[in-house]
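Below you'll find the structure, written out as structure tokens, and then a few comments.
Chains: A, B, C, D, E and F, in written order; residue numbering restarts at 1 for each.
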Amino acid sequence: MPIPVHLARLSVGHRVQNELRVVSRDNRRTRDGKPFVLLTLGNANGELPTAPIWSENLTWADGAERGCIVQAIGEIDMFGEGVRQRKQIKLTAPLRVMDPSLVRLEEFLPRIADDVEQLWGSLDKLRGEIQSPTLRSVVGLFFDDDVFREVFERTPGSTRGHHAKVGGLLRHVVEVTAIARSIARVMRSPSGAPANADLVVAGALLHDVGKVEAYSVLPTGFDTTPCGHLIGHIVLGALMLERRVAALGATLCSNEQLMEVQHLILAHHGSLEFGSPVRPMTIEAEIIHWADESSAKASSFVDAMADESIFLDGSEISERVWMLDNRRLWQKGHDWN
Amino acid sequence: MPIPVHLARLSVGHRVQNELRVVSRDNRRTRDGKPFVLLTLGNANGELPTAPIWSENLTWADGAERGCIVQAIGEIDMFGEGVRQRKQIKLTAPLRVMDPSLVRLEEFLPRIADDVEQLWGSLDKLRGEIQSPTLRSVVGLFFDDDVFREVFERTPGSTRGHHAKVGGLLRHVVEVTAIARSIARVMRSPSGAPANADLVVAGALLHDVGKVEAYSVLPTGFDTTPCGHLIGHIVLGALMLERRVAALGATLCSNEQLMEVQHLILAHHGSLEFGSPVRPMTIEAEIIHWADESSAKASSFVDAMADESIFLDGSEISERVWMLDNRRLWQKGHDWN
Amino acid sequence: MPIPVHLARLSVGHRVQNELRVVSRDNRRTRDGKPFVLLTLGNANGELPTAPIWSENLTWADGAERGCIVQAIGEIDMFGEGVRQRKQIKLTAPLRVMDPSLVRLEEFLPRIADDVEQLWGSLDKLRGEIQSPTLRSVVGLFFDDDVFREVFERTPGSTRGHHAKVGGLLRHVVEVTAIARSIARVMRSPSGAPANADLVVAGALLHDVGKVEAYSVLPTGFDTTPCGHLIGHIVLGALMLERRVAALGATLCSNEQLMEVQHLILAHHGSLEFGSPVRPMTIEAEIIHWADESSAKASSFVDAMADESIFLDGSEISERVWMLDNRRLWQKGHDWN
Amino acid sequence: MPIPVHLARLSVGHRVQNELRVVSRDNRRTRDGKPFVLLTLGNANGELPTAPIWSENLTWADGAERGCIVQAIGEIDMFGEGVRQRKQIKLTAPLRVMDPSLVRLEEFLPRIADDVEQLWGSLDKLRGEIQSPTLRSVVGLFFDDDVFREVFERTPGSTRGHHAKVGGLLRHVVEVTAIARSIARVMRSPSGAPANADLVVAGALLHDVGKVEAYSVLPTGFDTTPCGHLIGHIVLGALMLERRVAALGATLCSNEQLMEVQHLILAHHGSLEFGSPVRPMTIEAEIIHWADESSAKASSFVDAMADESIFLDGSEISERVWMLDNRRLWQKGHDWN
Amino acid sequence: MPIPVHLARLSVGHRVQNELRVVSRDNRRTRDGKPFVLLTLGNANGELPTAPIWSENLTWADGAERGCIVQAIGEIDMFGEGVRQRKQIKLTAPLRVMDPSLVRLEEFLPRIADDVEQLWGSLDKLRGEIQSPTLRSVVGLFFDDDVFREVFERTPGSTRGHHAKVGGLLRHVVEVTAIARSIARVMRSPSGAPANADLVVAGALLHDVGKVEAYSVLPTGFDTTPCGHLIGHIVLGALMLERRVAALGATLCSNEQLMEVQHLILAHHGSLEFGSPVRPMTIEAEIIHWADESSAKASSFVDAMADESIFLDGSEISERVWMLDNRRLWQKGHDWN
Amino acid sequence: MPIPVHLARLSVGHRVQNELRVVSRDNRRTRDGKPFVLLTLGNANGELPTAPIWSENLTWADGAERGCIVQAIGEIDMFGEGVRQRKQIKLTAPLRVMDPSLVRLEEFLPRIADDVEQLWGSLDKLRGEIQSPTLRSVVGLFFDDDVFREVFERTPGSTRGHHAKVGGLLRHVVEVTAIARSIARVMRSPSGAPANADLVVAGALLHDVGKVEAYSVLPTGFDTTPCGHLIGHIVLGALMLERRVAALGATLCSNEQLMEVQHLILAHHGSLEFGSPVRPMTIEAEIIHWADESSAKASSFVDAMADESIFLDGSEISERVWMLDNRRLWQKGHDWN
């Protein structure tokens, strides 16, 4: 997949000739009744608004509905001033709407920067380390299934929060599994390892499988599905495991073993008020919970720090960041070397 | 089933010759090393401690372990004085341990006062009113199954809280369903009925089916099962429905219909901090939640008011009641007629 | 009372010639200093904005201040586009301001759809069932008073939340009383009825009388009075009862009886953080509290579901609904028959 | 009133011959069935347990029920050892039960150390400073009434928390009024005094009048009355003011003025979760609230520091103190002079 | 310092010829691309927006960036209408930007109305009353230092909350000290003064010294410094005391004494969730905490009541006030004389 | 150091001849006034009560006060029965009190099972990896100081919670640093490492240095010092760093660098309600916080699971565990191999 242009990094006057997704479309009308259109166009690496497409050029936007992929020709321009000044794309030619069957949607939605194959490599290596054949098979119910893998690698880690990118779920699960395995190892003492490493790895790999059914990746963006709302990704994970075990026909593991893995999934948010119907009752569940928190919060921190717009006027201290419980962040003005 | 004696209502000196359950057994030793035993004996209508069985009679308690059913012979006696004075059973003969295969455990555990058949009659009438054949069949997956009914009618509504009695779950479900149906009716307006009455009734009937697997009824009393702890009765309900639908082989309802009923089960605690992984998103789920609260809280109130021990020295104002969020209750000293 | 037109249901181009209330008036000025006016007009069944009344027609809006009743002539039009497109009334003639003494304000404020007489019939039937003459008289202090009835039937259940309509309080009280009575009945067991049905009904009927003084119904809409803010409708209810009993001169009930009814009023919000200065200490107070919750929440649910604007683009899942604790609602796409 | 002996300060072997209140009585029985009695005896300055009164002397305790005043003869003794060692009264003669009509109960209950007349002097001086004749009369409805004053000066500030002593309410009200007046003065700025000093003083004087009906002073100790539980001292204060104004017949103040004073009473706990049905909406209510907090918390601190038992083994750091939100206190080992 | 004009009190048409600070500058562009500028101008007594400076006069605003002091010539004008109508300054001549070295910034930022010398007099009198020479010296580490005094008297009490004015911290500290001393006095009982008055006064004087480093006073307004965010004013206070004691070289007080004063600073917010890392463990810390609350909340109340904009249309009841926990305030319509 | 005997693992009848610490001493008296003594004796690997030392042998316990090290001779015995049966040490000879100068206290307090030198090796290796010389020197201010190391390695991680053992702090710090470093590594993406690894490691190493002054290790056990209570270990850490930097005289790092490290210490509890006066504002602080949580919670989990007493009667489900927020734990009855 070619690396899509970073729109926000283009300088004023730079020529744009790219395939972009219509992130949003706003049809307005001037006071004297003349229609005009405002679009936001974007790809995997960000988005920019267009300058207004006035009535005289209105046909330029024909068919460019939210979620369409269009060929846009224009140049980078500025509007507003001072603190509020922002870049926009000034179109200089009609948009050409692409045939959706000819484009790969994932190239036009926010996407992780990682090489997906490399992440799959990490994930498969981690599950390959599971010693128990039974447990490895349970994990394989999902990760040996190519159809599942295809959906999984496109699913975001959330719709608007941490890892909200195509591939975000894959990256998040690799992070959680690596951190959880590390915690389990560090806690080892002369009296032995406190946690079953197999269970820690297996539970970490499976903890968020419900998100595959809970989130949708549409031309219009990421969204939560009805069952994501009505059942929730936590319970969905347990139900999906139940279904795949049942569908096997054969006995893969005991009911008690199944229950133990379902507990790892159900307890991963750590407490009731954060949506887990039960709290962690095994050390494996406890470790997975903290690894999940560590990955989600550190990732949100990384994303927030990468968003220059939170530091107004180049201030050292940011505005409040919703995704981090309305905290302010600090970008220091010194280094240590 | 004969009505078991109300031990607490027997007067001092009254002769006891009853089959009772050993609620607890405490083996102690006097300072000079002589062993003695303290038992608590009970049946469906309450319990009393025994006077100490001193070392000279220690064999009287042979085999009378917690959970056994014994034939007890003795008389009602008092011990302690003043506010702390309580009744006890002074044994006058050896306990005879019954063959467990010859007794019906339910007669010896706290039990609802209602006629169980009558409650089943109410429940079956309520489900018979469901108009949608599909939905009636979904409910029937459980309530047409005699094995399920047998377990269901023995299950308590909780292990230590509301409806903590054999048959308590049956009674609670009838209460919730009747209240929910009534709320749905009362809310009707000229613009129509706001809720689908079928769904309200079906969801109310099914909301607590998970308790059948979450709670155990043992000779030693009510307890929460491992899966009751690890999965929780709310998610268990959704899983049990999933399994029964899957076991059918044939298609009973659409996935979306199944999801809707599972939502009714999952949302019935109303909010995350009370253990529901999702909050009510349909008016039927909302109504079932409030009916559940009404039944649970009103029933706890009834039980607390029936417990004379909370009103010390006949005070109008009770001690704090744990089951009612540490409230104090008032027993008025006047009437209205 | 004739049924006022449902403005929101009129199709584009439909001619409007109706008496409507000026819900709000916004005087603005264009950049070149020319004044124009935006109005929102409404009646008991909803409201719509007008198209701007430009400076050339500014006299059309003379005297049409917030709260006035005007005769409006025009037609239904659209403005905005896409998700934001909304209906408006395009006036085609000057507004005629009505003489306020000639209109019944209630016809122009949001109003319940029910027949008020029928609701009074239900309410009076419920209070007629009270067995205790004393308690019936206490309730009669309010509901035998025609002046009180007249104000009561115009009062909304809240100013912006549940039952926020003329007649909303009357409907809410009927709902609460019917639900409370039903809960009391359902809870009956072989050992008797747990609650005094008379008190449940009487307390439910009186629980919100304070709203009559706490809310005002003005041409400009519903508002909370100073004493509604400074004393609160809960304590106002207790004070109003105190005053009516005192004003009798004669002894209607004992101080303890009065205290018991005041407790039902004071405790009906269930807990301190929701504004009740005391928590329910009698089962009657407990039942009234849950019936109140059931009616308020179910009614808010009905209102929210009727508001199409919460389902953007016809989505199955709504936006967050403030009145329901920022929950999202689900409008299913299937049925059960 | 003579100063009652400080029992806890008497040294071992000191002879006791005092009139004391039976704070509690515990009738017990030894293992061999012989009855014995444990009493706790106390007066306004504290209390001590008695040594067991064994069966041979059991008649010594005849009639010495909880709440009786008895003439006790004995000496100070120790029991237990180490950290648990405590003083007790070893009786050496039969208790003589006093005729209750001959004793003043207040001398035998925990009592403030202050001179009550002096506190009344402070209170009457504070209310004498009120400039508005109307407001002074409103305050006088209570404090010009000798019957009210007699009850008021005996009422504790709470039953187990701050100022839980005979006279505690009087002292608390003087403290709150003095602090509130001081806050009002300190806040004065060049643009004037922010608060109406009259209202601050009047509201402070009246804020806790409801405690006169909410608490009872019995031979058995302090307790909350049924109306203290069912209505609460906050609402009782507003109701009592309502009644006294109504009982006047004549018009003392406008309804709006009455409402303003009732608001000062109702809002004095500052927030809903602490039992105020409304939050402070005037600066006078705000000031009274903080003065109330300051007096209550500082007084609890003084009482806790005076309780040596919280500092085990003479530790610098105390055990957790329930009355101060489970904080630990520090008694420093140095001084500043 | 001359009293700056109260802009908000000038009537329409009044001529303006004043030095004012550019509180904010907004560069905008009309639809046809012509730039215009909106400024907000202010001084110590308030601020007003300007009418738009259209493109033809754009040079009038040259150099008038946020934080500049300008000489403004124009007249008071109105814009908007109805509830939204507000005053503005219509400039009639170019702004003249002042040389920053010639102006005293404090005259152009919100400033307390008090005479600063008088407040210093109060503060120095309060610290002069400290009996302990050691403690007086500890306080003198800050208040004998002219450099500290100069910064201290310019620092606001907060950046957007209570006492958010030049001099606000000085005034707040005087208020807190006076109130704390008063509470300590009022709590005196026959058994003595509960609190060490010296410590109460010293702790109150020092409790907020950290704000001197935590807040900055810039031409652009008040702000929190990086160390104010990263360390917090509470811990900064303890660190600053540590540093000043260490810098002395000589021993001023014992480590335990230093620790006691640091505790007074650290505990002054009263509880962890409000930012104190420890809760008050001495009565002096407790009293200072409540005095701090009283000053902060009463002052916020005064400021809110002075802001006419919270009472829309002259309503008795205000809009919700963010600074007072979203409470509504009441401005009564009656008086008491 | 020899491995102290595991008292709890000795079988009944096993001979005891060990040096043990008097964990607690309870002097009691029988009803007939004869004194007897109960001791609890323990070492680094646990503790057991003694059988009562009756009056005839009372001199056996002479001088054996809490905190003494004694030579105990006796044998393992049982007392109580059933669920309550426990082991005790039946002494058979007088205790011999050791000269405290001849024993190493750490051998007699709960102690980690790890080799301390190995932990120091891990810690020093971790700090050796710090690239920045400045930062390495800051860390060295503590860890290059042999006096500090000696105290540090004896300090527990808490007094009653996680890592409450001699050496517990050392182990906890190694765990936190290793986990934090691992999180930092896992979060690396194609766009680089999100966190400064040096700061993550340095901050983790220093985050709990304040515990060295906040906790005391006494013969009587672990305790919190007065400054641990009054200042708190979090702020103590920042103050100790301040002092060591100041004591250097020379400039080790800039004020901003110092502030950044102090922020890592101050923010490590993550939120105000858990005692951090500020929340994490840098990704390094965020990562350290989650690593700290992971180590503390996983370690508490390990300790709880090792405590057989929480699983009554060998139940799969434990009693509620205070240290883990009153959760119940599960010890599964199956394995995965």
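To be clear about the criterion, contacts are C-beta pairs under 8 Å (C-beta built on N, C-alpha and C of every residue); 3 or more make two chains touch, one makes a residue touch a chain.
If you're wondering where the values come from, they're calculated on a predicted model, not measured in any experiment.
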When each step joins two chains that touch, the fewest steps from chain B to chain F total 1
Across the interface between the identical copies chain A and chain E, with over half of residue numbers shared counting as same and under half as different, the residues used are different
If you tally C-beta contacts across D-E and across A-C, the winner is D-E
Per the C-alpha means, the centres of chain B and chain E lie apart by a whole-Å value of 61
Cα centroid separation, chain D vs chain F, in Å, comes to 43
In chain A, the residues touching two or more other chains are 226, 229-230, 256, 260, 263, 281, 317, 328, 330
Inter-chain touches occur between A-B, A-C, A-E, A-F, B-C, B-D, B-F, C-D, C-E, D-E, D-F, E-F
Listed in rising order, the residues of chain B that touch chain C in the complex are 112-115, 131-132, 134-135, 175, 178-179, 182-183, 186-187, 189-191, 194-196, 198-199, 254, 256-257, 260, 263, 279-283, 286-287, 290-291, 293-295, 297-299, 301-302, 305-306, 317, 325, 327-330, 332-334, 336-337
Chain D residues touching chain C in their complex are 226-227, 229-232, 234-235, 238-239, 242-243, 246, 256, 259-260, 262-263, 266, 272-278, 281
Listed in rising order, the residues of chain A that touch chain C in the complex are 25-29, 31, 35, 224, 226, 229-230
Within the complex, chain B is touched by chain F residues 30, 79-82, 84, 316-317, 328, 330
